[in-house]
Structure formats: C-alpha cells, structure tokens
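To keep things simple, chains are lettered A, B and C as they appear, and every chain counts its residues starting from 1.
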C-alpha cells in the first residue's frame, strides 16, 4: 500500500487543508497596513482595532445572542422531535423527517429569499428575532440527526428494565432516556450554535440596517477595505470554534473517565 | 406524535410556507402561467449561469475526489497520526465559509503569498492573476468541500474487512492490484455518497464564488441574490425553482446508488 | 409501595403463582405465540426452553407486560394482569445483556427500584448493601457497570431485580453472553438464590443443559406452543414427542410397526427384531411409529454377561468408532440402513470395536419410548 500512496502526497493535501487557516492567523498578527505575507513584523494592533471599535463589537454581541437563542430554540424543538419521530408510523415518519432534514439539501439562498419574502411583509427585516427564527430552521436538522443517532444507539431494554423496576414511563424518560441522550443533545446544540454564528447568506437579506451580525459586518468590510482587522476577527472566530469543539470533546472524555476511573484498581 | 408537532408546525410556518410562497411567485406573477419559465428558455444570462454552476460543481466534485481519496485512505490506515489528520480535516470543516474564502483571498491575491513566493523564486516577473478567476473559485470550493468527500470515503473504507486485503496479498496479488480489485470497488459507496454530497452542495454556493470569482464567474445563487436586490421577484423565484429542482433531480437520480441513504445524515453542516 | 420492601433481605416472602391461559400473540416476524396454557406454582423454578423463534421470549415479555397478548389471559396469584402496565406489575426481571444503566453506579442501579418506590435514602443504602452481599459483590457499589466483568454485571442485574422483593423473577437468557466456566458457577449460584429467596423464577433459555441443571420444571416450546411440561427427569427419560426427544439430549429414532400391547408395554417390530417400548398412548396394532432411545443407554450385548436376555436387542454393523476420553462413541448401521449412535463409558477392560465389525446391541425396555 505504502508504495502506491506516498505519504508526501497526503502530506501536501493536508497542508492544502490547514495552510489557509494558519495564514489567516499569521496575517492577523502582522504590523503591516495591507495584506502581505509573511508579515514584516509582529503586532497586536489589529486586535486592538477590533476590541476598540463599536462597529465590530456590536455585531459580535448580536451574533452571540442570536446564536444563543437559536441553540435554546432548536435544541428544545429538535430534541423533542427526535424523540417523537421514532414512534411515528412509517409513511408519516418519512414525510416528517423529509421536512425537518430538507434544509440540509435546499440551497441556502432559496431559504434566505423565501424567509426574506415572507418576513418583509410583517416588518421583521432588520430585527434580531427574524435571524433567530430563520437560523433555527437551518440549525434544527443538526440537532435532530445528532439526537436521533444517539437515541438509536440506546438499548431499548434499558427503558424496559426501568419500567420493570417500577419506574413510570415519565420517570423512565427523565431518569434513563434523557441522561443517555445528553451527549447527543450537547453535540447538536454545538452544531446549532456554529450554524447560526457563522451564517451569512440569510443574514445578508434579513439583517437590514438594524441587525448586523458579525459575518455580515465582515462581508461588508471585505467589499471596501481588506485590512488585517478582518484577519484578527477571523482568527478569533476560529479560536472560538476550536474552543467549543475542544470543550465538547473534553466534556465527553471527562464523563467517560468518571466511569472508568476505578478500573485500574479493579481486579 | 405530540413531541414532533411543535417542530413540524415551526418548520411549516417559518420555513416551508415562506419558501413555497416565494416559489409560487414564479407561477402567479401577475396571473397563473408558465410564462416566466418559458422566458428562461431564450435567456442567455440564465443559460450561461446554469452551465457555469453545473460545470463548477463538476470540477469541484472531481477535484475533491482526487484530493480526498488519498487522505481518506491515509486516515483509515494511520495509527499514530490519525488524531492529527482528523484535526486537520475537522478544523477547516468547522471554520466558516466566509473565513475560509477570505483566507484564499489573502493567499491568491496580487500581493498574496503564492505570488510573492513565485516571484521570490524567480519563476515569474509579474504577479499572476489568480484571484477573481474561475481557478480561484475552484480552489476555494475544493478546499471548503474536501471534508465532505473525505469523511464518507473514510467511512466506507473503514467498513472493509482488513482481512480481505490481507487475503488478496496472501494469494500473491501485488499491492496496486489488491487496491484496484479489492479496496477500490468496495469503497465505491463512499465515493458515491461523497460525490453526490459535494456536487449538490456546490450547486448552492454563493459566498465563495462572489469573493474569489471574477465578473463572469456567476453562479445561480449569485444571480438569484442579484435579482432580489432589484426586486425582480418573479425572475428570482423562477431561478430558485430551477436551482432547487436541479438539486432534487440529481438526488433522486442517485437515490438507488449504494451508500446514498447515509450521505445526507453525514452532511454535518 | 411494594409489599415487603421494608423487610430485611433475610425474611423471604413466598413466590407468586402464575397462570397462562390460551395465550396468543400474532406476529409478522418470528416469535409468535399460538396458544400457551401453563400453570406455574408458587416458589417454582420454571424454565421455558426452546430454539430461537419458538416464542419463549415473547411469552416472557407478555408476562412482564412489554408485549400485549392478542388473545388469552395472564393471571398472577389469581388476578389478571393483562391490562396492567409493566411498571405496576412488581415483577423482577433480568435481561439478556443485563440492561444495566450505564450512567448510574452499581449502587444507583440497585437502588433504582427502591427509589421508584419512595424508599428513604438511608434505608435504600442499607438494602443495596445487603443485596450486594447476597450476590457476593460487597464494596462494588461505587463503580460503573462498564468497569465490571460480564459475570459481575450479571450479578448486579440479579441484585437489582430482587432488591425490591418481587414475588416473581423473570430471566431472559441471563447467562447467554458468558463463557462456559462462569456460566456453570452462576447456574449454581442462581439455584442457591432461588432456594434462599423462595420466590418464583421463570427462566428463558435455549440451552438444554442449563435448563436440566437448574429447573424444577421445564416447559419445552416449539413454534409458539408448549410441547411438553415436566421435571428434567421426565423430559429426558420420557419425552412425549419427537421434538422434545431430539431437542433435549441426543436421541436415536427407529421406525417400527406396532404388533400388539402387553399392559403398559407396546410390542413393535423394528429392523427385524421385536422391540418392547413404554408408551403414554395406546397405538393401534399395525400402525407405523417411531421408537426413541438415548445413545448412552445402549450397550453391546456381549458386555452385559447374560443380563441382556430381558432387554431389547438388535443386530448392527459398526461404521465409525471415535474415542473421546471418558467415553467411546460408535456409529452403527441397522439392517435397513438406519444409523444408530451408541455411547459407551470408556474402560481399558472393554474391547474397542473396529469399523466393519458385526455386533448385537441391547437396551432396557424402560429406556425405549414410543413417540
């Protein structure tokens, strides 16, 4: 195998994957006033620009708030639906999951102008609520698939066992089912957050003047001046994403560790 | 039943109805007719855009396949390096399309890294024009969609019983033939799933071609946005209908291919 | 609150009686039940034994309340429970693969049924401790199920199913995932537990040896029906049909023609020899029947020192001889070509037969059953 797949080829492709992100991070620490690489000298001035500018910080806060609201709404609706879908009769189940999962394949531009068309009639354009409502539709499929996958991995005998031990159906749900699907819910919530936080196309139409999100602000900046501030912002969002992913990974590792901590002392 | 109802209601009212109402504009503006679709027939702007969108999707699918397959093989075979490879695949995967497209602006620009490096090496005298060309769009999109190809292929490869390849080499088959006759055919479901996913996602691309492409590299999504800006709703709705139908027809046509069932569950984002 | 939960573990309540009447469950898939009637006595260890798809697990699931019968009734202590949801039936259950809650510790798993019944925390801890003692796992309360071996998980599942003092314990292939050595130890432990607790056990397995070792009575199931119910000895020595004879232990089947009756004994002709057999029914003369015998109850006539006179005898040819340590296994061919297996305890004093040799075999009338 080695002979027909030189590791140098794979290495080059992996560099192709990783390099652009490394370059963005490097440019953000540049002292130059224009885009150039490698940077002539290191400096934090673009981060200072970002943290000192209201027209950068306000969109950041808005994006965080919208994403947080989307997480709450989509996780709640999506988890409930994931629990219910398995119990639907087959034809209905296909129809419902088709509806819920369709945002994964419908081009975002179609969704974006659809909601723009509808929301503009009710004066919702330019209001954060419009972004929350639209982003939730886009985020829900990730919650549903994540929770459904976790749910499918749970042995149905665990729920039967709880019932046989005297737990009510309601008690079984809260004591057994819910704790067991928790990792799937957390991962789904994470997906939902990132979906909303990074979303640009819907925001282009719904932001108006009153609800400018961070991606929207970056997009506008790119059209006029490409100074390294945007590299600093990009780097910060990459770091945020990496931290969230790391946190999810760590949470899962830790809960697993809690369960295996004593193994070493076991006979 | 009750558990599903809130989300179904939500999706109908806030997602399906708006999209359908918008799409209806292509039929009922000003009265019920197919006149807007008929007009598309001799609309050269539309025709060129459609061809460009499909062609771009095709190139990107091919590019991700060529670059993605070796990485998938390496990912499945690697022991010690597997976590690093996973991080390198997933970090861009989770980074926004906007940021990644911006990264390619930095790299491919007139004074970008590529040009500076080539000039420093003495290979060229003047900066090449890469940014704002179709090539830049292909590079950016291949970079963004590569994980969607790698992950399904790696999944399919992982399901191949390793003893099959061992049996083949035990029977005297050289590695390249083992690969061609055992591994490759068995990984076809993953290739089909990844290919379909990348192709369909490519069709809807907007941000990357808008940032990296030139004036002629227009995709359907860009044309739609442009028409909405001009409040040309009937035309925009018509184009949306075509874009959506194209995606659905391709998915329906590939439905019977092996491995497709899981493709869209895998489309993590 | 379950009756007796607050008692200590040592005070045992009597077991529940269970009565299944014309129980049916129709299924599109395998495992349908087509009319099972069975009375399980208070305090009994009853095993439902059958091949997969015979309906034994479905029957158990209906008793537990996870499957709704299409027809028929289930009564526990004379009261119908068909309309009662599973969580109100107060039945202990041990599942295949144990179904321990992975997110709860061993102590929380065992305390789970007590918590559902509102038992106070201190009392709960005491009962959990006692249950852990009972299954020989004291001090394991703080661990998680995945930190235990298969055998230990099995015992935790057992402790969890009995800690709330149900009067009936259902077990669905609880030892299926364990290796042979461990399985045999746990079989003994379960028998002991059954004797100590005095409650009714209903045990499902496809392993006939396990069923024979543990049960007071066995109900052999086949294709959704009970083929035969009886003690292990009953089923082994007096199978009442070909399925039971073939499923429990190894059997030889010999075609025969009935010649007449002699009290309880049927006289039949088989391979040119006159064979006497015990028979529960009274077959008419001239009818074609099948006789069955166990391989280890057959002997070569010349090893019996003349006591073979009163026995059934038959001439055979040795076609295969295998030495297997504690015994020798012979394949024999009867006059018409029917193959017969004979197992002889090995001894240096007994001459070993060679392939192609002609011989006469003999076995007692009591070991010959007409099915």
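Here, a residue touches a chain if its C-beta (ideal position, glycine included) is under 8 Å from a C-beta of that chain, and two chains touch if they have at least 3 such contacts.
On a predicted model such as this, the values are computed, not experimentally measured, just so you know.
Each step here moves to a touching chain, and the least such steps from chain B to chain C number 2. More C-beta pairs touch across the A-B interface than across any other pair of chains. Of all chains shown, A has the CA centroid lying nearest to the centroid of every protein CA atom.
Comparing mean CA positions across the assembly, the chain most remote from chain A is C. Between the Cα centres of chain B and chain C there is a gap of 59 Å.
One finds 55 Å separating the Cα centroids of chain A and chain C. Centre-to-centre, using mean CA coordinates, chain A is 19 Å away from chain B. Residues 2, 64-66, 85-93, 95-97, 99-103, 112-113, 116-117, 142-144, 146-148, 160-161, 164, 170 of chain C are the ones touching chain A in the complex. Put simply, chain A touches chain C in their complex at residues 155, 157-158, 160-169, 171-172, 175-176, 179-180, 258-260, 262-263, 266.
Taken together, the chain A residues at the contact with chain B in this complex read 1-5, 7, 9-10, 13-14, 16-21, 23-24, 27, 34-38, 77-78, 80-81, 83-85, 87-88, 96, 99-101, 103-111, 113-119, 133-134, 136-137, 140, 142, 144-145, 149, 191, 194-195, 197-198, 200-201, 204-205, 215, 218-219, 222, 226, 230-231, 234, 237-238, 241-242, 245. The residues of chain B lying in touch with chain A in their complex are 1-8, 10-12, 14-23, 25, 67, 70-71, 73-74, 77, 85, 88-92, 94-100, 102-107, 109, 111-113, 116, 143, 146, 165, 175-176, 178-179, 200, 203-204, 206-207, 211, 220-221, 224-225, 228, 233, 236, 240, 243-244, 247-248, 251, 264-265, 267-269.
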